[in-house]
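Going in written order, the chains are labelled A, B and C, and every chain counts its residues from 1.
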């Protein structure tokens, strides 16, 4: 039973209805329709990947779900309530990690707890415990006193992940988090990501994830469903169910179904991607 | 970064140029009002009197002549600095050994202000143009040197290697790869050097004028000193100050224009 | 599930791979040869050492200076290194070196303090409020090209000859780099850092204190170093022309007395103090903002 079947009766965790975004250039007044008529339901505990050619508005959609930007038309709801702005319940992991360079690994992870809403109601001992838990979960206990500039790309990514999780968000929004890593590290971290997300555990305990990526194989490996976007203007062109059972190990990459799904998605994007480089 | 609730008069809608002149205008008016409270023959400078003085000095040609003199010295000193600064800069930029050995000396002289060299220059050349030239050359030397070193040593090694794989000789590579790659830094160094050179000439002329008792060295700085010590013409001093600022601005804009023209690939 | 993350972090791996025996290839067995090679290795090590290069450079410089002094044979215009050194010792014994240095340094400290207290908060305000910037920036840009030096004659009239003039000139000169670098620093903050804080539910005041302030620190520090260098140069001019004390006064005073070795002594002192202060500032910069890469002044 897939996650979608499990929760199909209950209200979606995230609902985007008729969302569009138009940008107006400040000096010239030029209007650009970045995203149009975007509809998407994300169930609680689902892992959704969004793929599409460059410039199709994936990041714009993510910014709107995060509350960093507001839709021109349409609505975005979480748990039935309209989103007003950014908040700790929708944690974000940015493409270049956005780690605070003047803080150590530990202080970065604990930043939201110290200064943000997630830390309210927690004693300092409880906060410390939480920070410890997540620093260990991502395997950075040995490096927790280091600064970001002393870390490798893979390590920085893990700090960003720990920081994201430490704030206890319901929804995890990730904008190409593995994009800056080399291909080998990326493969390893995909497996790690699923482990940390709790793939092996109870389906009900998992966080909802919206994950943007350029890598189609990455999307197929990670997601329950893949939302395929096309560009100019950005919109949903297809939603593909990934019926590969969990837990997923590295071996599934060599299985036939994996290749079929990857090809199916790529065929939807290929023409547009080609036009982008021509 | 944050939106403010406008509960008072909103001035945000005023056009940019109005906002730009508001503060200067208000300050000038206050200044003029203050000056008018003083007796008629007070030496204190006033905006209207400054304008009068400007017109008089320009009409008599003194201002223009003094500016040309100062600029001439700047260019002369700059030229000297260029020969030394570029030459040594290329040498130090291309050879790590040379750079390591000369760097301590250069870094020790850098904190010594150009004006500190003035007494030595006067001891050598007496008060007059050669001393002023020395100060200007000394001042312009460091930005030129440092930026040239940076430009030459910072040439992307990949570019040099790419040239080698295309069969370009090492000597030719210097001219067609290293020099063009270093030009942006050299231009930046020149702009900075001209800036400090202009400041240095004013300072030198001021000081030399003071030491030689308002001698015939000429130039804006010297003129300022005469206005201070002899004719007690404060309005004239202000005119000179404004000219100093305007010329500095023009030099800077000119160099930036050159940068944009010669280096279109830099945004 | 294999714990992939349990491997050691990369930095440990790198240090382990370095051979502990150093870079030199192993030498022959003969003890005599080994001893000589050991000494040669040691000598080479010293020759290449940083501090030795500096000493060597200075030694060569002083030697050339001595040679030039000998050839020029004009003790007034180019005193020999020996004469300058003994003049320095004499001045140090009489306490003159210290007194003039302290006077100039204290003026510098006051001027930098005043400039920082005005420029840094103003810089923050201007970077954060477009309105304020629109009003204040024009007058800043109008005054900036007028160098501090140009203010000396007018300043002499307002303050007279004395200690206030150098302080005013220095504060003026230090003001602009501090202001501009502060504004640049705040404007140049990575927007993603602020967005990240927002998504963690960090409120605007906390964002100001815990994101904007630390993130702009590197730029402010660079501005401070530039301000210091400019002020240190300006004080010489200001004191030379219009002050009865301080290092700038001293070099001019002794020039008029035609006592070249003392003039040179003070010039050396000016360079030394400036250099040492810059070292201190660099160390401070490293301590306060260890993550910033661009440490050089650039001009």
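Heads up, the rule we're going with is that contacts are C-beta pairs under 8 Å (C-beta built on N, C-alpha and C of every residue); 3 or more make two chains touch, one makes a residue touch a chain.
A quick note: this is a predicted structure, and the numbers were derived from the prediction, not measured.
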Point out which chain occupies the most central position, where each centre is the mean of Cα atoms. C
If you average the CA coordinates per chain, which chain's centre is most distant from that of subunit A? B
What's the distance between the Cα centroids of subunit A and subunit C, rounded to whole Å? 45
Using the average of all C-alpha atoms in each chain as its centre, how far is it in Å between subunit B and subunit C? 21
Between subunit A and subunit B, tell me the centre distance in angstrom, where each centre is the average of that chain's C-alpha atoms. 52
Footprint of subunit C on subunit A - complex, ascending: 66-68, 85-88, 90-92, 94, 96, 98, 100-102, 111-112, 115-118, 138-140, 142-143, 147-152, 155, 158, 163, 167, 188, 191-192, 195, 200
Spell out the residues on subunit C that touch subunit A in their complex, using ranges where they run on. 1, 3-6, 8-12, 190, 192-193, 195-203, 206, 210-211, 214-215, 217, 289-293
For a test of understanding, state which residues of subunit B touch subunit C in their complex under the given definition. 1-2, 11-12, 16, 19-24, 27, 45, 100-105, 107-120, 122-124, 143, 146-147, 192, 198-199, 202-203, 206-207, 210-211, 221, 224-225, 227-228, 234, 237-238, 240-242, 244-246, 248-249, 252
With touch defined as at the start, can you tell me which subunit C residues reach subunit B in the complex? 53-54, 56-58, 60-61, 76-77, 128, 131, 134-139, 142-143, 145-147, 149-154, 156-157, 194, 204, 229, 232-237, 240-241, 248, 251-252, 254-255, 258, 260, 263-264, 267, 270-275, 277-278, 299
